[in-house]
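One chain, chain A, appears in both complexes that follow, with chain B as partner in the first and chain C in the second.
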Partner chain A sequence: MKTQESATPRRLSFEIFRYNPEDPESVPHMQTYELDEAPYMSLYLALNQIRETQDPSLQFDFACRSAICGSCGMMVNGRPALGCRTLTSDLPDVVRLHPLPVFKLIGDLSVDTGTWFREMVEKSEAWIHTEQPFDPEATEARMDDDLAQAIYEGERCIECGCCVASCGVANVNKDFFGPAGLNRIARFMMDPRDARNDSDWFEVVANADGVFGCIGMMACHDVCPKELPLLEVYAYLRRKSLAAAFAKR
Partner chain B sequence: MTAELISTDVLIIGGGLAGERCAIEAAAAGHDVMILSLVPPRRSHSCAAQGGMQAALGNCVKAEGDNTSLHFLDTVRGSDWGADQEVARIFCEEAPVAVRELAHLGVPWTRVRGGKNSYVIKGERVEIEERMENDGLIMHRDFGGTAKWRACYAAAATGHAALYAVDSEVIRLGITVRDRTEAVELIHDGDRCWGAVARCLRTGNHFAVVAKATVIATGGYGRIYGQYTTNATINEGMGAVIAMNTGIVPLGNMEAVQFHPTALAPSNILITEGCRGDGGYLLDKDLHRFMVDAEPEKQELASRDVVSRHMKQRMRDGKGVETPYGPHLWLDLRHLGEAHLTTKLREVFEICRDFVGLNPAHELIPVQPTQHYSMGGIRVNKDGQAYNMAGLFAAGEAACWDMHGFNRLGGNSLAETVVAGRIVGKKVAEFVAATSLDVRTTVALEARRTAAGRAANWLQRTGPGPSVYAIRNAMGETMMSKVGIFRNGDELEQAVAEISALLADCDKAVLQSKVPGMNPELSFALRLKGMLRLAFVTANGALLRTESRGAHYRSDYPLRNDAEWLNRTLVRWAGDAAEPVFSYEPVGEIDLPPGHRGYGSDERIEMRDTIEQYNENVYARQAQHGRLDTVEPPGSRMHRGAWKEYV
Partner chain C sequence: MLGDLESSAVDLARRQVAYELLSGASGLVLALFMWGHMILVGSILTGSRGFDWLAGMLEDYYIAQPTVIVIFALFLVHGALASRKIPAQLAERKRMIALQKGLARAGHNRPATASDISPAQPHVESLLWIWQVRTGMVILVLGSFHVILLGFDVLTPLFGERIGIEALTSTERVRGGLWLPYALLLICVEFHAGVGLYRLGVKWGSGRFLSRRVLLNIERVLLWFFLVLGFIVLLVLAGILPPPLAFLLSGVAG
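Presenting the complex of A and B:
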């Protein structure tokens, strides 16, 4: 366990984007707050302290505060990150916070990721496609544990939106599935319980809104808080797309 | 812009696993369903459940011979006989189906690997040959208080995987979800619920949703313990609050609060029981494995209430590691090895790395017991129908259904969400099919005016007054220090008085911010009084219950008292009444007679009545407390005596 005690705590300066669309008098601007650093201080603790002691109107989102719910994506000194697991001890004296781009702004640091991700799931039909109804009497279908682990690898995405915010394509093409969307597609593509075949998937993913829209800057791979292997995901999708294309000819 | 009044067949309040699984059942039956959720459903607190879901599939060697009767025995013993035994029985029989259904919906359950496997069991590394004929079936891990390995899991993100699968089904069915929306008031006419008033957390606007049936699935109320909880910030218990505010729907067993042994110190982030299930140790400051002395049989895998008490006692005895944030103990996973920690306990590995900067393969994890689960909640019958209020249902942690009694076993609540969701959803669908929307819109609009008026009142208050956050912090300190793991009459009386004073403060509190829109301070202020009322009935219920049962431990009444307290606390408290009204109903029909749990103390005060006497008229007595009729008669699914060949 790291010890983080020192005689005089660091004075941190938080420059935070402010705009309340519900307030006709509000205009977008940056506002600065100062705070003494405390041991193990995360942005979750810091922002709540600012709201409770300095500015109760400040909007931001946290829920689980343990990096599993994906609520608290925000731009931290220009880089998308989860606020809850960003420790101030890893940041410079000045911390600049903006809302994630791409998503609709709700207010200050709060953005509407829920609507974006529901649309993505609807568009890619990211659920198990099967003709088989569930049989409550039957033993579960078997699955090799290695395959279960491979599916689980992609399943770990928490839809925080950090990858989407970091993506050059998602920032300009609103129809692009985005890294999280492509990862979700790959997760169902490798799941034998999903009846969609290569040709079905080809229609979904082998186009400019799908994996061929990616221009390979790979910021997504660098910023993903769950360290999803997105590079491998795109390679898998391209490989499957090409195979389907050859099969079609 | 939302209209002032909208309608649906079924209104589900809460977008976690219980609410969504319920919604699927109702939507599949052809009903129009709307879900209200504080957050996008996939961010609900179900996603934070880590270790597993109990279901007696019996797929691995250490689960061989498992069955629903063994699961029933473990669950009732775990509850310290506080559970409704018919509900526990229904749950145990339905859990395997619910788990397999999740496999059908896409959950990547960890699977049995046929052949040689290496496990850590009671401090020993052992090699076990898993049967090849079970290769690829759903795997189990060990958990506290169970006779067999029974918890089905997807690494240490079981809740996340289950929630995503169920939410995908919700989206596939095209179910309407209004996220960032909070239910703030039930619409009812005194004995029939007709939906709820909602507040939009984007705009601050109020609107009424009238519905033929309303389901509350808002999870637990851990945040009445302030920061001393593993719960998410959204677990403020508002579902229980709006039910209690009716004055006629009782909450059950609010004093039954679970403290999880291993919350990460000092942030109180959950570290799954699966760590101990997979062979982790608890150590004191001298690196002594004290649970082996305390519970030679179950060791670290006694039930959570028992382990938390031993930990707290150990720290009281000066064996905790002292820090500026208070004492903690250690969780030792080093012997499990990095390969295990980065796969089967991957999320734990990440939490340790991200929040305290340590590698559990090489370093000890600082842990302390912390509020974790609310056994209490909206009292419902076995169909999930709330007492005294037709058309109102509850499921999951928000409900007191009541399969957990005074202590829930790890992995039983995650399974409960989907089992209850299936059952209650079906009952809701049947209820809705047989009813029509028959409510005067004035009733709904009046409820909306009441709710909007409360917000307006907060904004009108001026002058000096306490801050809502200071009141919340004081509530959390009182609850953890005086309504915690060890309780006694003096401290509980102080707690009741302190919460009472905070309720008075709440009426004088003033907002610092009057900004238009959702206004985060106002949004919290609107919940504060309800949270204080929950805290009050929790403390008061604990004061009144002069015995120790499960997680409710009274140092001044250390024995379980089956002669006087084999019952369930009910509390009603109308929104405008000065004080709550407590009453007590039988726990339900008793099949498994009260006895020793197999861990913890074997001393208790025995029942005076025979089981037959206790069971006589038990259902009629519950009906006097408001239990509504069930579709099937009560007791129809008891399978009386089915457990007998396993004891």
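Presenting the complex of A and C:
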């Protein structure tokens, strides 16, 4: 890490998208801030420093600082990434920051991912459906270890929206479930506690808003900060759809 | 009433599976056919006699005639089904291109200090998809022209001395100026077929057996092999290069 050891810190230039939809006077524009790079500086640190020392009106979201809360997704030089997990040493001298596309803009770099994810979850009813009465005293049913691991893989999604922002289809079709949506559907399809069978899922998944809407640009898989195996998820959904299509009615 | 609605939703989903399967399967068959086709056309590297002998054999055994019809039908089916995923509005296509450019630029700007969790890993598949659409459009026009022309060759006595594909007619066409559309078609077809097979593999789960990097490298090797072979064939047909494998038939009576 040459930059972090050198005596003179690198001068970074941050070109940041500014717009406040709540303010009728506000016009979308790019604003430039300059900052000296510090050792192991993340975008989280840089943006906070800019807000504290240069512009208190700058809007962006952060909570956990450790890639768990999923609130600091933003377009970093055209690529979606988490601000807290992105080191400035990995970026060129000029850093262009935009809010994630697809989601509703709150202001500057801050977007409302919650509404999008809630709609997606409600549309796919991505929660456990069961007729079993809940017994808090009962021992949890045993599950195959590989299956539990596979479900856990899907569950690792932090809903930051980076995959959705990078997806060509999600950018032009607002009804598309998107990578995170398909991942969530697959997670519940795999879950033996969910009473829905393959044919119930079939009509949800096998259409242009589901897995067959995917055109295979693969950007979602490449930008996912949690490195979820999204391409494997879609292949699973395709194979399941194929099996359901040939199953007897 | 509700039952009707439910069954129609299932029918709709079944149709989507059929579209996806037909689109992928027709692409797979066409891509494999194109590679086989390139090997067959490669017979010109042994000279006109080798080319005419092979063409004559495929026609005498009625292999060429149904193949032309089936391939043209598959070509149209693939064009109709694969294009259903191309956004209809220009603004939507521009949005996709802008997104791709951002993703690609971030990868190119990756400095030497990048750590293992760098957010700027190179990403090429979005660009490959966009070029697959562009090459698909070119193939739709030039490919139709080529297949219809060859259909006349194989099924009618309209061109050349007899019914069938002839080296003389082919060389005259290439020398007469068709080398340009054929060179363009060659590049587009080999790119489109190679990338299409790569994407088809990844879509249906080849990642369990082969990594994307390995699969993409295999695709690149095949792409360059068929591109080089195709251009040598074109050079021979244009009369610029003598048939390099003519010695194979030098002792065979004509």
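Criterion: the second predicted complex is superposed on the first by the 244 of 249 C-alpha atoms of A that agree within 3 Å, B and C clash if a C-alpha of one lies under 4 Å from a C-alpha of the other, contacts with A are read in each partner's own complex, and residues count from 1 in each chain.
Please note the rule applied: a contact is a pair of C-beta atoms (placed from the backbone, for glycine too) under 8 Å apart; a residue touches a chain by one contact, two chains touch by 3 or more.
Note that the structure is predicted; figures quoted are calculated from it, not measured.
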Item to check | Partner chain in contact with A:217 - chain B first, chain C second, else both or neither | outcome: second
Checklist entry - Which holds for A:85: it touches chain B only (first), chain C only (second), both, or neither? => result both
Checklist entry - Who does A:139 touch here: chain B (first), chain C (second), both, or neither? => result first
Checklist entry - Between chain B (first) and chain C (second), which, if any, makes contact with A:69: first, second, both or neither? => result first
Checklist entry - After lining up the shared chain so the two structures overlap, which partner does A:131 touch, if you call chain B first and chain C second: first, second, both or neither? => result neither
Checklist entry - So, does A:207 touch the first partner chain B, the second partner chain C, both, or neither? => result second
Next on the checklist: If we overlay the two complexes on their shared chain A, which of chain B and chain C does A:231 touch? Say first, second, both or neither.
Outcome noted: second
Item to check | Larger contact residue set on chain A - chain B or chain C | outcome: B
Next on the checklist: Output check: A:77 vs chain B and chain C. Expected answer is one of first, second, both, neither. What do you get?
Outcome noted: second
Checklist entry - Touching chain B and also chain C: which chain A residues? => result 1-2, 85, 87
Checklist entry - Which chain A residues qualify as touching chain C in the complex? => result 1-3, 75-79, 81-82, 85-87, 89-92, 101, 166, 168, 171-172, 199, 202-203, 205-208, 212-219, 222-223, 225, 229, 231-232, 234-236, 238-239, 241-242, 244-245, 249
Item to check | List of chain A residues in touch with chain B within their complex | outcome: 1-2, 5, 20-24, 39-40, 42, 51-52, 55-59, 61-71, 85, 87, 106-107, 112-115, 117-118, 121-122, 125-128, 130, 132, 134, 136, 138-145, 148-149, 151-152, 155-156, 158-159, 188, 191, 193-194, 226
Checklist entry - Quick one: in the complex, what on chain C touches chain A? => result 7, 9-10, 12-14, 16-21, 85, 87, 89, 92, 95-96, 99-103, 105-107, 109-115, 117-121, 123, 125-126, 129, 199, 202-205, 207-208, 212
Checklist entry - What residues on chain B touch chain A, complex-wise? => result 39-45, 47-48, 57, 97, 99-101, 103-106, 108-113, 135-139, 154-155, 157, 160-161, 164-165, 168-169, 171-172, 177, 179-180, 202-204, 232-234, 266-267, 269-270, 324, 343, 347, 350-351, 354-358, 363-364, 366, 467, 469, 511-513, 515-521
